[in-house]
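Below: a set of structures, written as C-alpha cells.
Both of the next two complexes hold chain A, though its partner changes from chain B to chain C.
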Partner chain A sequence: MKEFLTRQSLVLINLSYIAIAASLFNNINPLLLIFGLLCAAWRIVLFYGRVSILPKLLLNSAALLSTFLIIVLVYKQGLFSVMLHLILLGFSLKFLELKSERDVHYFVNTGFILVALFFIFNSSIVTSLLGGGLILLLLAVLLSIHAPHCLFAEQSKLLFKSAAVSLPLAVVLFIVIPRLPSLWKVPLQKQAATGLSDSVSPGEIAQLSRSSELAFRASFTGAPVEESERYWRVMILDAFDGRTWSQSAVKKEEEKTVLNGESSLYGLSGKLNSYDLILEPHYKTWIPALDFSQVSFSAVNLSDYSLRSRQPVFKRKDFTADLYQSVNSISLSAERRFQLTKLPEQGNEKTRLWLAAQLKRGLSKDKVLKLLLDGFSAQAFRYTLQPPVLGAEQIDDFLFSTQAGFCVHYAGAYVYAARSLGIPARMVTGYLGGEWQADLNFLTVRQYDAHAWAEIWQDGQWQRVDPTAYVAPERVELGLEGALSDSSEFLAGQYLSLQKWRHISFLNDLRLNLARLDYLWAVWVINYDNKKQLELLTSWFAQYAWLNMLYGILVMMLCAFLFVVLITFKPWQKKKREVEDRLYLQLQAYYAKLGVIRGKGQTVSDYAENIRLSINRPTPLFEKFAVNYNRLKYQAGLSAGQRTKLIKELQALSRQIRAGKN
Partner chain B sequence: MHNKIAEIFKQLNQVLLGKEPQTKLALVCLLADGHLLIEDLPGMGKTTLASALAQTLGLDYRRVQFTSDMLPADILGVSIFDAAKQLFNFHQGPVFCQVLLADEINRASPKTQSALLEAMEERQISIDSDSYPLPRPFFVIATQNPLDQAGTFPLPESQLDRFMMRIALGYPDQSSELAMLKGEVFSDKKLSLDALIDLDTLFAMQKAVRAVQAGDNVLHYLLRLINESRYSGTYANPLSPRCSKILLQAAKAMAFINQRDYVIPEDIQAVFIAVTDHRLAGISAGHGDNVLSRTLLDSVDPLD
Partner chain C sequence: MINKNYFKSLMQTRFESWLKRRIPAVKTITLNRGNTFIFPSRAGFLYILTVLMLFLLGTNYQNNLILFVVFFLCSFMLTCLLLSYQNLANLTLTANPVKAQFAGQDCCCSLRISRQRGRAQQVHYEFKKSSSPLQSILTEESAVLYALSKKRGWFEPGRVTVSSRFPFGLFSVWTHIDFGFKCLIYPQPLEQYCVVQTLPGKQTNNGLRSFDSGFEQFAMLKSYQPGESLKSVAWKQVAQGRGMLSKQFEQSQGGDVILDIDDYAFLDLEAKLSALCYQVIELYKNNVSFVLKLKDQVITAEHGSDGKATCLRQLALYGAGQ
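Right after this comes the complex of A and B.
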C-alpha cells in the first residue's frame, strides 16, 4: 500500500487522539486507553513500513471482540457510559484502517462527537477553551490532509483564520437560535456525588477532608443577606441511632416524591429579596436555600423548607429563588413529634444524668439548653477539623472527655440534649457563609463551607440554633479559616489549591479574577437559556419598536451570513480595474450576448479572431480596439498624454462597437 | 531590419511549404539566442529547415549524423600527437561552427549526448586541460526521432532543459505536398540558398530583441502562468526560474518579429507551447498533442 499520510498528518492525528482521550480520561476505562494507544502505535509502525496492513477478516473480528469486551467491562456504568466507550473504541480502531482520506474524515468526525461529549462533562471557561483547542487540532488534521503543499505556517494561518471567521457566526447563532429541549436525556451517571452526604457519623471521622471545590454561587437582586444569616439549608437529618445521623423513613419518602414534582404547601409571607443560584453539578436534586425560599419553576419545596430540583443537577444549572421573611406556622403532627424526639433507648447515661440533674435544680428546659451552649463557649471545648475518635457512647465522650470537634459534633450533641428533654429537634446540614465578591455582587460557596446546625421546635415554629457559633463564633463571622486556631489545618493536603495560598496577594488576585471570569461565563454562557435569550433580545429590540423580534433575528442571521461571505470573497481586495480593462469587459459582455464568450486563457487578439469567425465578417473596429488595448496595457513608458489619447480612442471604439457599427 | 526579417521568412517558406508557424518559431529561437530541438518522424523536413535557416542567415553550418556508436571526440575534436613537433595538436571537431545540426541526437549514447549538451550550455569545450571557446553565434539545431522509434536514447529532463524550444513540424497540407511533388520547390539534394544577412545584422537583431520592453502587466501574466504550473498541483514538472527567463526572452524575440518593441500576452502565448511543453512533460513527452502546456495556457486569464 502506498502511504497516503504525510508525516505531519500522522503526527497531528496521533496528537489529536491523545489529546481527546486525555480530555475524557476521568470517564473512560483505562484498558480502553491502553488499547487505543496500541492501535496508534501500530499505525505509526505501519507508516514506517515495518508491518503490513491487517486482513479484513482479522480487522472485523478484532472490532467485534473489542466491542464485546468493552460492553462487558462498562455495562454496569450505565447506557451513557457504554455509548461513550463505544464511540471512543471506534475512534481508536480507526487507526487500524486509516487507508484513505475518507478514513481520516471518519476519524475527524468521530473526534468532533467526542469533543461534544467532553462538553457534557465540563462546562467551565477553562475547559471550554480546552475543547476549542481540541476542535482546532482536528481541523488541523483535515488541513494537513487537504493542503499538504502548504507550509506549516500557512496552514496554521489558514486554520486560525477560518476559526476566527466562524466565531462571529457561532456567537450570533448562540444568541438567537432558540434552545430546544434535549431530544434524549443524559442518564444519571453513577458518579460519586460531591458535597454533602445524607448521613453523617461524627464519631468515626478522624479527619474531615475539606475541598476547595466550588459548590455554588449566588447573587442577590437586592442587598446581600447579612453574613450571620448566610445559612444555606440543604438537608434535614432527623434520625439518630447512637452513631449515625441520617434521614428518617418519612423524610426519605418525601425526598422521593420530589421527582414527581409534588411540592409541600406552606404559606410564605413578606418577600424580602430574591437571589440567583448557579449550582455546580452534584448529581443529586438538592438546592441550597436560605430561610425561607421558593423557586417558581423546576424546583419544589419540602416541608422542612429545603428546596429540591425536579431533576438531578448533572451540569451547571441556575435557579432563581425568592426570599421571604416568615413562614406561616403549622402544627406538628403527633407522628412527627415522636420522630423528632426519638433517641436510642440506651446509652449516653452521663448526658442524660446531667440533663436530669439540671432539671432537678429547677431550671426550665430552655435554660438547660442555654446552659449547654454557654458551656460550649466557656469550658475547654475547642473547634478542630481533626477531632479524636469517639467511643461507643458518642455524646458522653464528646461532652465530657474529648471536648473537641467540628460542627456536626456540636450540632449533634445539642440535638441529642434537646430531644432528651422532649423538645423536637433536628440536625440541618448545608453551607454557611461564602466568599463575597463585591465588584460583581456574587457569593462563592465552596465545599469547605459545608456546615451543620440544629433546629428546635419552639412556639409553633422551627428556631435555628448554631452550637458551633458558641464554641467558635469566628466560624460564622469569618468563615472556616478564621475558626481554626491552627491554620495548617485549613485545606490540609491541598497544595495546588489557590485558596490555600490566599495570603500571597498576587496569587489571591489571580484567584479572584479567575473566579470572576468563571462566574460571568456561567451566568452568560452556560446558563443562557430561552428565558435569558428572550430577555436579552427583548431588551435590544425594545429600543426599536418597529422591529419585530422575528425579523430582528432574521436580520442578525443575515448579517452574520453576509459577514462570512464578505470575509471569504473580500470584495474590498478586488483589484481596481484599469479603464481599458473595464471597457474590454463591457465589450466582452456585449459579445457574450451575441454568443461569443471569451475563453479563460484567450488574449484579446484571439478573441477578436473568434468574433470574426463566429459573426462571419471582418471586425475592423474590434481589431483596432485589440491593438490599442494591448498598447495601453502593455507598452511600457507611455506618456500621460498618449495614455489619455489612447483611452479616448478606446472609449470611442467601444461605443461604436456596442452601437452595432462593427 | 524588419524588411530583412520579411525576406528571410519569404525564403524559408519557399523551402518549407505551409510551415509558417514553425519557421517563425525557429527564427525566434535563433534571435533569442537559444537552441532548437525539432522532433518529428523521419522525412518531415527537419534537416531541410535546419540547413535553410543556416544558409539564409549566412552562418557557417555543419551537420553531424548521430549514431549509437559515436564518441564525444567525434563531435568535439581530438588531440593528436605530432611526432615532428613532439606536441599534442588539437584537431577541432564539427562542433566548431556557428550552426550545428545534430541530426537524430537521441540515437547517440548518453555520453556523446552530454558532451554536446555541455558545449551548448558553456559555449566552450574542455579537452584535457585546455578550454576552447566556440565561435559566436553558436546555435544547435537538434533533431530527434519520437521516442517510440527503435534505437533511441531519450534525453533526460536536465538536457531537454538546455533547448529553448522544442517544435514539431507535422505533415504538410495537401496543396504544399502537391507542389513539392511537382518539383515547384527546392529539393533536398541541391538546397543552396543565398545568405540574406551578414553576421553584424544578426548581432544587431539580437541586440534589438534584448531591447524589447516588457511592462509589469505582461510580466505578471507570465508569472501567473509559471506559478500555476508550480502551485496548482496539476503538473509533475513545474517550470523553473530558468524557464521563466527563457520564456521572456523568446516572447521578446516574437514581439520583435511582429514589429513591436513591447511584449504582449499574444507573444507569450505564441512561444509558450514550444518553450514549455518539453519541460512540463519531461521524458514522457509524446509528440504533437502538447496537452499539458495547452491546459496551462487555458487556465490562466491574461486579463486578471
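Right after this comes the complex of A and C.
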C-alpha cells in the first residue's frame, strides 16, 4: 500500500487519538484503552513499513469480535456507556484502516463526537478549554492532510487564524440562538454518585472531608444567610441498625415518588430571601436546601423539607429557591413516631443505663439531652477526622471510651440518646457553611463541608440540634479547617489541591480567581438558557442605545432589500409570453442543441439565414416559420381570425421542425 | 437503461452549452467569483452530518458546551468557504500554444500560472475529459497537462478542470476553463508497410535537386527480400526491432523519391497515411529529397523542419476538407 499520510499527519493523528482516549479515561473500560493504544502502535509500525496492512477479513472479524466483547463488558453500565464505548471502538478501528483521505475524515468526525461526549462529563472552564484544544487538534489533522506542502509554522498560523476568525460568529450564535427543549429522552451515564449517599456510617463523611471537590455554589438575592444558619439539608436518615444510619422503608418510598414529580405540600410562610444554586453533577436527585426552601419548578419538596430534582443532576445545573422563615406545623402519625424512636433491641447498654440513671435523678428528658450536649463541650471530647476505631458497641465506645470523632459520631450519639428517651429524632446529612466570596456575592461549598446533625421533634415541629457545635463551635463558625486542632488532617493526602495551601497568599489569590472564573463560567456558559438569553438581550438593548439603533437600521435595510427585490423581479406580474414567442424560443433551443445559437439582437430572418449556412442545406420549414412570425408580429391590421390561423400554422411548423423534418 | 443514458447525455449537453455561455473560450483567464464554482465536498457533507448529530446530542442533553461546539463548527465551515475561495481567487492562467504530436503519443498542453500576491495551494489541473494516463506536472509557475489522441487531424482536448480542496477539504472549489487548446495530430508512423516504388531513372521536372552530391543517395527503406546483399540491410532498424529492412540507394544522382499515396492501394486510408508519415520522417532524417503525392496535391519537400512540418501537416489533415 502506498503510504498517503505524511509523517506530520501521522503524528497529529496519533496525538489526537491518544489525547481523546485519555480525556475519556474516567468513563471507559481500561481494556478498550489498551486496545486503542495497541492500534496506535500498530499504525506507527505500519507507517515505517515493518508490517503489512491487515487483510479485510481479519479486520472485519476483529471488529465484530471486539464489538461483541465491549457490549458484554459494559452492558451493565447502561445504554449510554455502550454507546460511548462503541463510538470509541469505531474510532480505534478506523485507526487501523486509515487508507485514504476519506478515512481520515471519518476519523476526525468521530473525534468531534467523542469530544462532545467528553463535554457531557466535564464542564468546568479548564476542561472546556481542554476540549477546545482537542477540537483544534482534530482540525489540524485535516489541515495536515489537505495542505501537506505547507510548513508547520504556516499550518499552525492558518489553523489559529481560521479558528480565531470563526470564534466571534460562534459566540454571537451562542448568545442569540434560542435553545430547544430536549427532543427525546436520552440515556444517561450510570455514574458512581459523588458526595453524600443515602446511608452514613462514620467512615464516610471523613472520606468526603478529604476532598476539596466542589459540591455546589450559591448566591443570594438578598443578604447572605448568616454563617451559623448555613445548614444545607440534603437527606434525612431515620433508621439505625447499630452501625449505620440509613433511610427507612417509608423514606425510600417517598424518594421514589419524587420521580413521578409528587411534591409534599406544607405551608411555608414569611419569605425571607431567595438563592441560586449551581450544583455540580452528582448523578442523584438531591438539591441542598436551607431551612425552609422551595423551588418553583424542576424540583419537588419532600415532607422532611429537603428538595429533590425531578431528574438526576448529570451536569452542572442551576436551581432558584425561595427561602421562608417558618413552616406550618404538621402532626406526626403514630407510625412515623414509632419509626423515629426505633432502635436496635440490643446493644449500647452503658448508654442506656446512663440515660436511665439521669432520668432516675428526676431530670426531664430535655434536660438529659442538654446534659449530654454539655458533656460534649465540657468533658474530654475532641473533634478529629481520624478517630480511633470503634468496636461493635459504637455509641458506648464513642461516649465512654474513645471520646473522639466528628459530626456523624456526635449526631449519631445524640439521636440515639433522644430515641432511647422516646423522643422522635433523626439524623440529617448535608453541608455546613461554605466559603463566602464577597466580591462576587457567592458561596462555594465543597465536599469537605459535608456535615451531619440531628433533629428532634419538639412542640409539634422539628428542632435542629447540632451536637458538633458543642464540641467544636469553630466548625460552625469557621469551617472545617478551623475546627481541626491538627491542621495536617485537613485535606490529608491532597497535596496538589490549592485548598490545602490556602494560607499562602499568592496561591490563595490564584485559587480564588480561578474559582471566580469558574463560577462565572458556570453561570453564564454552562447554564445559559432561554431565560438568561432573554434577560441578557433585554438588558443590552436597554443599556446600549446604539444597539437599538443598529437593530433598527438592520431591520430597515432588510425591509429595503426585500422591497427592492420585489420591485425588480415583480413576482406578482410574471409576464406571459405570446404563443409565437414561446414557439420561437422552443425552436431556438432546438437549434442551439445543433450548435446554432441566436446572437443577441439577431432578427428571426438573420437567424434563419444563419441556420441555413450552418447546417449547410436549405431549411424551408424554418424560413416559412420566420415569414409567418414576422407577419404575426409586424403586419398591421391582421384580423383575429388571421391571427389564429397563423398561430396554428406556426405550431404545426414548430412541431415538424423539432421532429427533424426540416 | 437507454432512457437513463439518454437523460444523462441530455444533461451533459445542456451543461456543456451552459458552460460555453458562462465561461467562454479564452487564452488567459483570471479566476474570480464569476467563473469558479464552490460546493461542499463529500467530506464537507460528512462534516455537516456530524454537526447535525452534535446539535441533536447537545439539545437532548441540554449541554451548552456541545452547542457551542456546534456553533463553532458551523462558523468554521463558513470560514473554510471563504478560505477555499481565496485560495483560487485572482489566479491568472495563460495557455501556451500546443506543439503538434503524433497520434498515440501524449500532447503537452502547458499553462502559465501567475498571481499578484501569494500562491495558490494544492491546486489540481487536469482535463475535464481525461485522455492520457499521464499525471499533470506542476511547478510554481506552470502546469503541464497531457492529452492523448489516436486519431490524426485537429484534436481538441477540451476544458481544463482546475480544482482545489485546500485548506480543510470541506469545500471543493473548481472551474472548467476552455483554453481553446487545439493540437495537430500527425498520423502514427508505422514502418511495417514500406512499399518500394520503382524510381524513375532520370530527374524529372517536378523532381528535386539532391541535397548533396557525390554520394550514392539513399532512397528509401523496403522490406528485405531473401537473396539481397546483407550490406544493404538497415541494421539500425533491425536493432530497433523493426524487422529486416533493406536500404535502397539511388544509383544516379538527382533521382527523385516519390511518395505516392496511390502506391499503397492495398491498405486502408489511415494505414496509408501512417506508412507515408514514417517514410517522410525517415527521408528527412537521411536528408533525402522527395515528392509527396497525395492524389491531387503534390508537395515538394523543402529543407529544414518547416518542410517536414508542412508534409506531416498535409498528411494529418488529408481528407479533412480544409
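To be clear about the criterion, the second predicted complex is superposed on the first by the 528 of 662 C-alpha atoms of A that agree within 3 Å, B and C clash if a C-alpha of one lies under 4 Å from a C-alpha of the other, contacts with A are read in each partner's own complex, and residues count from 1 in each chain.
The definition used in the following text is that a residue touches a chain if its C-beta (ideal position, glycine included) is under 8 Å from a C-beta of that chain, and two chains touch if they have at least 3 such contacts.
Predicted model only: the values in this text are computed from it and were never measured.
In the superposition on chain A, A:R50 makes contact with neither chain B nor chain C. If you count the residues of chain A touched by chain B and by chain C, you find the higher number for C. By the touch criterion stated above, A:H149 is placed in contact with chain B and with chain C alike.
After overlaying the two complexes on the shared chain, residue contacts for A:Y634 are found with chain B alone; chain C is out of touch. Applying the stated contact rule after C-alpha superposition, one finds that A:K576 touches neither chain B nor chain C. In the superposed model, A:F119 lies in contact with chain C only, and not with chain B.
Applying the stated contact rule after C-alpha superposition, one finds that A:K593 touches chain C and leaves chain B untouched. In the superposition on chain A, the residues of chain A contacting both chain B and chain C are 149.
On the chain A side of its complex with chain B, the touching residues are 149, 575, 581, 584-585, 599-606, 630-631, 633-637.
Contact residues on chain C toward chain A in their complex (touch as defined above): 13, 17, 42-43, 46-47, 49-51, 53-54, 56-69, 71-76, 78-80, 83, 121-122, 165-170.
If you check the complex, the residues on chain B that touch chain A are 213-218, 231, 233, 262-266, 269, 297-304.
For chain A in complex with chain C, the touching residues are 101-102, 105-106, 109, 112-113, 115-117, 119-120, 123, 128, 131, 135, 139, 142-143, 145-150, 158, 162-163, 165-167, 169-171, 173-174, 177, 179-184, 186, 315, 525-528, 592-593, 597.
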